[in-house]
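Mind looking over this structure? Questions follow.
In order of appearance the chains are A, B, C and D, and numbering begins at 1 in each one.
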């Protein structure tokens, strides 16, 4: 397996950012998902939701020292507001989440199963894990977009037939963005939509446990 | 009119007893009632069950409370942040318990407690280990987890403005869990940035009506240290 | 039964008003209960709660024509606000109610049973009744004070062994204020606390279905 | 940014279809979106299920909607007020159904629908005819009624201020059911007293975030007729 080929982090971020549509309400998970923010054009009006009750969260501050503890993202970093932002309490923030008002969320993952099951909060065998808002968000968002490396650091598939990691939520994932491919989760199964440069269908299938359906519109780029 | 104002954080928390369940507002450092937490540490209470989204940040606030041996159990959604190293040490030493609750379920359980309801049905956590030992109820052919209300003997709240009735506003995202917790405890103890006169808060702008508030003290936290990562 | 003896409406209102303590949060039902308001001294700071989300409701306007539809009591009459009032939405208004934040409510009644069961929303045999917020308030308030005539217009007891009218809530009534007596509902049974002028214990017992326990501190006045 | 502003109430309600469930804000005349109701009457929709605390006031608003034959069913807590004589006439003629729900349960069922929950447990209605055909659930030895969420295809809302994102404030007690209903419908249609510019509403003062709002029109209702008894 060649690790030098595939999408760069920047390309992955760009793909996810391109997926987001004008006027969507979007929750972005901490970690890798946060890297998409610079790739969302400023004139594309997207309402970012933060679990702690910010609706219309703007970019992180360039200088965190100028930050204010009363205006932090879910990742506890100082952020700004867009014009027309608002604050709600934590219970109401999850009214937005579970009530179906999130058009999309972007989350990281340890594993995604063929049926859309997601594992992203706890390592197997560990006594402790932190789901934060991920379980609610995975259940509530209209589209759950996953951003992760295609395989683990020791080369094992993260897209699996059945989760071996503790589940975050069942049947929730819409689309998976990795460094090697973009894959949709459908009723028919996993559909390979796009291949990273230098990847073949065979390469990607080899690093993916379930059988992939090849999209008729498969892009390689 | 009852005088709810007390001289300082020490007086605000003077009734907190050993073994109490204490709801603590805030999300990370935003809206965290740190002066009340420090006063609680100074009282050397023991055996608290504390409820907050996190399990502490460094050696201040909840980290200090844990480090000084006041806490028997933490109920939170995010125990494993890097900054929660004090909790981690106590947990690994087997000296503290934890109950991990999905964040939306945590907020809703507290609201449910405040609202005098007996529980609610949610799909969050279905098919996960969060569902272990919980009742699954089917409504109209869909399954839900039955989650139970969560109340505190005390709630520690950080507000922005307070008036003599105890009406509260919150500063930006410092709101978070604070107004929800203020509905769900037998005694609601507040540190506010600033006191204003009766009638100075527009009735439409009050977030927590004063009837929920038992005691408040004034601690101006607006000039906080800048946010730290974690 | 002599109907000319007993408390006047004004005296009943005064008794109930005297029951309310400084700093209490109180919900006053529509109808007879509303008559107590003029008997609450203006310097006794009581927070009146109205189901439609007013906390700190002040007196009704003397001239309803000066009223504002956006500031109506639960009885849909224009009211004022006390300093330090606030507004909440309807769901949050009932967080106050069911959450145990009402120190007292004053409600009218068709019947009260020996065990504190209350009937005040629907007549027997009728297809329709309106409970409004009464069921929630009867369940949630710390003290449910009932204000009613002691007997029906045709002379039958309204304080009964078992409700024959549709129930509003079970085991909820704290104290009953009638034109003939004041009666507490206790674990031991109904305790006669006070007799109206010209009423004897025997008179009141005769118009009350369950056996009354006579308070050691029974007042006659 | 999506343009949510429409020219008038008629355009705001133009998507309401026969048989729809429509949540209608307001408590009596306070916060009642009368212009939207009139526009709905003008459309001559049929078979609506409407949800409001009351069942109409005289021959305006909900009274008119019922009187013109638009409504198949009313869900409310107070159907029998004197002013609801139009409803009464239709009900007695067997031409309209009613579901009577305790007011707190009604508000909470709508919130529950908006919050994406499957139901909640309440003691309200236990041991009364409201409990008929409902599941009783025991939690920690106490019994509760299981109440189910209530959502609308549409919500009609009266707001005070609106900005171009649809952020809303409410005027005094006109708030009542409006913000709760605004969370619990597929399409949220608003009549607001006044439009302000983007950023003109303090983020801490917004009651309904714009993400809940689909369409709004401007109808200045502040200069209302004085309250009528009822």
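FYI, a residue touches a chain if its C-beta (ideal position, glycine included) is under 8 Å from a C-beta of that chain, and two chains touch if they have at least 3 such contacts.
Model, not experiment: these values are computed from the prediction.
Measuring centre to centre, with centres taken as mean CA positions, what chain is farthest from subunit A?
Of all the other chains, the one whose centre lies farthest from subunit A is C.
Looking only at C-beta pairs that count as contacts, which pair of chains has more of them, A-D or A-B?
A-B
Round to the nearest whole Å and give the separation of the Cα centres of subunit A and subunit D.
Those two chain centres are 36 Å apart.
Round to the nearest whole Å and give the separation of the Cα centres of subunit B and subunit D.
Measuring from centre to centre gives 33 Å for this pair.
Which integer distance in Å separates the CA centroid of subunit A from that of subunit C?
Here the centre of subunit C sits 56 Å away from the centre of subunit A.
When the centre of a chain is set as the mean of its C-alpha atoms, what distance in Å lies between subunit A and subunit B?
Each chain reduced to its C-alpha mean, subunit A and subunit B end up 29 Å apart.
Enumerate the residues of subunit A that touch no fewer than two other chains.
Correct list: 87-88, 94, 97-98, 140.
If a residue has to touch 2 or more other chains to count, which residues of subunit B qualify?
As it turns out, subunit B has residues touching two or more other chains at 108, 111, 115-117, 122-123, 170-172, 175, 203-204.
Tell me, which pairs of chains are in touch?
Chain pairs that touch: A-B, A-D, B-C, B-D, C-D.
In the complex formed with subunit C, which residues of subunit B make contact?
Going through subunit B, the ones touching subunit C are 1-2, 111, 114-117, 163-165, 167, 183-184, 198-199, 201, 203-204, 206, 209-212.
Where on subunit C does subunit D make contact in their complex?
Residues 50-54, 64-72, 76-78, 87-91, 93-94, 97-98, 117, 122, 128-137, 139-140, 166-170 of subunit C touch subunit D in their complex.
Okay, in this complex, where on subunit A does subunit D touch?
22-23, 25, 45, 47, 49, 55-56, 81, 83-88, 94-101, 140
Quick one: in the complex, what on subunit D touches subunit B?
Going by the criterion above, the answer is residues 108, 112, 115-123, 137, 139-140, 142, 144, 146, 148, 169-172, 175, 203-205.
Which subunit B residues qualify as touching subunit A in the complex?
27-32, 53, 77-81, 91, 98, 100, 102-105, 107-108, 110-111, 122-130, 170-180, 207, 222, 224-230
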